[in-house]
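There are two complexes below, and they share chain A, which is joined by chain B in the first and by chain C in the second.
Let's look at the complex of A and B:
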């Protein structure tokens, strides 16, 4: 398999990386090591760490940071941006539709059962139209590149995608360590993200809110692996970071306990999952949620971002229909490609996948974080057979995709730089407008040849540059 | 029938509670079989919160009691005209796609006995309506009415294994059988004036609704071997008893709770 190298075209350096070439070539090895150590110290000091699920060990492990940036030129980014915004509009149109009349189902474009029997489909919010009709306010779209102008969407994250703090911190650290790079290159800024996020949240305040909306971030607490990000964003946005016990329902509204008495809350950017939001409505044993919150939400007393039930749009089985959503709701052709996906609950697909396991990537329908997946070409015969038995036991729990030729980006290694596979998660904001900061989180598979970029599986992160004209 | 309903639920706590939040599904449904007059809901010491009609057509009303209190009374009083629609929920406005009610919940999850009963009872059914009637009869035959042997968390499978239970168990079992037969089914909570043989029932009651193509939602009361008629008052629905509960509440406090319920369903002269 051959891979698109984002920096080199044979021996020639591609235009966006031209200036970085000199930077890399003239950097002495000991200087590089010193800078790498400095970067780690900075990350450690600001406290950005990432707990790794299921691996045990140090929960405050740093995500490895690679100093070699990943670069897009303006024209490349503009096209990506159009594709991402298009997808975000279609996903929200889909959510509005399936919690309303379900026209896309009536038209036979998506199987009814896939929507209405989906675990993420929330019966309790049918008929509830959130302010501006937006259900998913922060959409993280995972993309991979396979050629100069060829991008594939791996998955959409419509609930509470994390990672944006890395986008911001990676940039911050690069600017601190290599200010001259930012003088020599015209790099579009990303630090307006918190302000845009706050504006997005304020723009979806309920109609009953008459003053400047009070927004909060609702976190499950400091045991959550993304807690750092929750407090980081609250801090940058200038809003309160709250836990369930800090909020309560009284009459028609939701309030926050403060030292000066209760204060009404208009918009909750929640970083907890639907089942934990409200013990009256969902899991009665949830200690994280706010009793009565869903009734206040459903009667228009508070906005919840993302809206409860938004998860039905980013389910791996629904994913295959996103291009169809773009055509159905927007009357446009999708700009970004979907990866061909075999759904194992279909007999034909099942047969094909079982015959071609060594070539395919197989994922759990509700899995995330790179867990419970098989990368056929990178697995041993024994691993493939073990996975085959898991599939046989519960075929409908799996989907399969071809192994994509993920692009590579030069990455610092022991001997200098070497190509490593990367993906990209940009963060699209949906409120009264759709906004996308020029950049995102680039994850890199640090192990040579590895195609799994998840931080839980040995992935690292890079600063992502979009060059201005 | 013209019915007067009074329904009082008293919660007593051995230690004071604060910040009680309730979500009440205690207002009769709007459809051809029911017309409601002067319906009053009062929660002692409470503040009325949000009220709205949800996607299933149910009127939901939130209440909060700041407390501290050791006793809370939820009192409902109202009059309603009912008429027989042969169990069909005609003229009921709702948005939720019926397929949503094919999902099993924990208490309606099928086991081997429920599967066997569904297959046996459903064999030879002429159409969906016939199938639904057969399933309802099968539940009535397999689970005898007997209070006190099951509890709130008893599952459909457990009730069938016991062969005894109350209306909640009959309803869960019928829902499980219907969903196994690919018929959307849901739990309905309400009141019943009297049983079919004229015995006063005068209490809260529960039955199932099954979605039959061409007719829409149709009620089946497996416990009483009939379809709901003018003796029934429908409040709301859900995937199971807990999802359809007329009263849900959460409070701050560690006190033990004691509950007393009094329901009167009285026929008024024409």
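Let's look at the complex of A and C:
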């Protein structure tokens, strides 16, 4: 399989990377090692770690940071931006629809079963239209590139996508370590993200809120793997980082406990999953949630971002229908491609997939983080057979996709610099406007040949540049 | 400010101060064992110091007989002992991590480094460590955190809560230590001039890092009344009850000013009342009342103030 190299076209350097070539070529090895150590010390010091549980060892780990940036030129980015925003609009239109009249189901474009019997479909909020009709306010769209102009959406994340703190910190650290690079290149800034996020959240305050809205971030607590990101965003936005125990419901509003008494909360950017939001409504054993919160939400006393039930739009079974949503709701042709997907509950698809397992990537419908998946071409015969038995036991729990030829980006490795596979997660904000900062999180599979970029599976991160014109 | 944030800052301060108290107990206990002729042997002295931190029962249950190694393990390393240096530093760092955004990076750095260094020490063989080194380790790290707080934190409500934690804990620790040893401060005929009494007083002064300061403040011979005066009523003495209480009142006044009339000020009112009562006394009056009675009452009053802080600010007005 041949892979698109983002920097090199044969021996020639592609335009966006032109100025980086000298930088790489003339960098002495000891300087590089020194800078790498400096970057790691900075990450450790700031406290940017992620936690991996259940594997033993120190749960506080550093995500490996690669100093070689990934670069887009303006024209490439413009097209991506249009595609991402288009997709974000379609996903929110879909959510409005399926919690309302369900036109897309009535029109026969999506099977009713996949929507209404979906675990993420929240019957309790049918008919509740959140402010501005927005259900998913922060959408992380995972993209891979296979050719100069060929991008595929791998998955949509409509609930609580994480990783944006890395986008911001990677940039911060690159600017601190290599200011000359930023003087020589015109790189679009990303540090307006927290401000845009705050504005987005404020723009979806409930109608009952008459003054400047009070927004908070709701975290499961400091044992959560993304706790750093939660506190980081709260700090940059200047909003309180709360836990369930800090909030309570009184009458038709939600309040936080402060040193000066109760203070009303208008918008909750929650980083906990639906089932934990309200023990009276969902899991009664949830210690993370706020009893009575859903009643306040339904009666328009508080906004919850993303809205309860938004997960039905990003499930891997619904994913196959997103291009259909774009056509149905927006009357447009999708700008970004979906990856061809076989759904194993269909007989034809099932037969095809079982015959071609060694070529395909198979994923659990509700899986994430690179767990519970099979990468056919990278697996042994025994691994494939073991996975085959898992599929046979519960076919409808799986989807399959062709193994994509993920593009590579030059990456610093032990021996110098070598191509490694990358993907991209930009973060799209939906409120009164749809916003996208020029950049995102580039994840890189640091193991040679590996196609799995997840941090829990040995992936690292890169700064992502969009050059201005 | 979130009540939970304020609460974590308050307890961060208390735990840092408590870690330092534990380290000083270790130091003074060590010193006792180096000197001959204590009345009932050094075990008795150790026991009274454990009583001061309220952990002597716990120690007996877990370790039985007192030995130097066991004491060191218990006061410095033991995570089952809630007042050990390790427990206190870990809780302080945990509280700091939870309210990371309310701390400056310098404060967090100092706190985090203290914790990381503690982890390193814990992994070293105990035989390679000496008591003085452990004490120095603790006081130097807690001082660094303290310095970072004073030099870099905004003078806002969070700062008041941290310092309130420090001052209440300090007043409590001094009062407890005095209470355990109160009898040696009482003038007793048989000890006078024997050298034993003045030695015991020195132990108390050392336990409060006050033995040199005492000489600067009073000069001359050590007398019971002066030691008690120094540790209770002398506003120049950094660990005196009155100094700690004065600081607590100062921070409570700061909060009351900042928060205005709509927030209750019961903690401030109570602290003011206790301070005024203390200011109106001299050491003879305290001896007349009975040192032990006075100290027990003072400890109860500090607990009341701490509870009122919770009631006024840390429960979210619910």
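The working rule: the second predicted complex is superposed on the first by the 467 of 469 C-alpha atoms of A that agree within 3 Å, B and C clash if a C-alpha of one lies under 4 Å from a C-alpha of the other, contacts with A are read in each partner's own complex, and residues count from 1 in each chain.
We take it that contacts are C-beta pairs under 8 Å (C-beta built on N, C-alpha and C of every residue); 3 or more make two chains touch, one makes a residue touch a chain.
Here the structure is a predicted model, which means the values were calculated and not measured.
S.K.: Once chain A from each complex is brought into register, does chain C clash with chain B or fit beside it?
M.R.: Verdict on chain A: chain B and chain C fit.
S.K.: So, does A:36 touch the first partner chain B, the second partner chain C, both, or neither?
M.R.: In the superposition, A:36 contacts neither chain B nor chain C.
S.K.: Mind working out whether A:280 is in touch with chain B, chain C, both or neither, as first, second, both or neither?
M.R.: First partner only.
S.K.: Answer with first, second, both or neither: which of chain B and chain C does A:397 touch in the superposed model?
M.R.: In the superposition, A:397 touches no partner, neither chain B nor chain C.
S.K.: Of the two partners chain B and chain C, which one touches more residues belonging to chain A?
M.R.: B
S.K.: In the superposed arrangement, which partner chain does A:261 touch: chain B (first), chain C (second), both, or neither?
M.R.: second
S.K.: Quick check for you: in the superposed arrangement, does A:248 touch first (chain B), second (chain C), both or neither?
M.R.: both
S.K.: After the superposition on A, what does A:235 contact: first (chain B), second (chain C), both or neither?
M.R.: second
S.K.: Going by the contact rule set out at the top, does A:298 touch chain B (first), chain C (second), both, or neither?
M.R.: Once the two structures are laid over each other on A, A:298 reaches chain B alone.
S.K.: When the two complexes are placed on top of each other via chain A, what is the minimal CA separation of chain B and chain C in Å?
M.R.: Superposed model gives a least chain B-chain C C-alpha distance of 8 Å.
S.K.: Between chain B and chain C, which residues of chain A are contacted by each of them?
M.R.: Correct list for chain A: 248.
S.K.: Which chain B residues qualify as touching chain A in the complex?
M.R.: 19, 21-23, 47-56, 60, 62, 64, 66, 95-97, 99-100, 102-103, 239, 242, 248-250
S.K.: Where on chain A does chain C make contact in their complex?
M.R.: Going by the criterion above, the answer is residues 45-47, 222, 231, 234-235, 240-243, 245-246, 248, 255-262.
S.K.: What part of chain C is in contact with chain A in the complex they form?
M.R.: Against chain A, chain C makes touches at 1-6, 94, 97-98, 100-101, 105, 108-109, 112, 157, 161, 255, 259, 262-263, 313-318.
S.K.: Provide the residue numbers of chain A that touch chain B in the complex, in ascending order.
M.R.: For this pair, the touching residues of chain A are 99-102, 105, 112-113, 115-117, 119, 121, 123-128, 248-252, 279-281, 284, 291-292, 294-296, 298-301.
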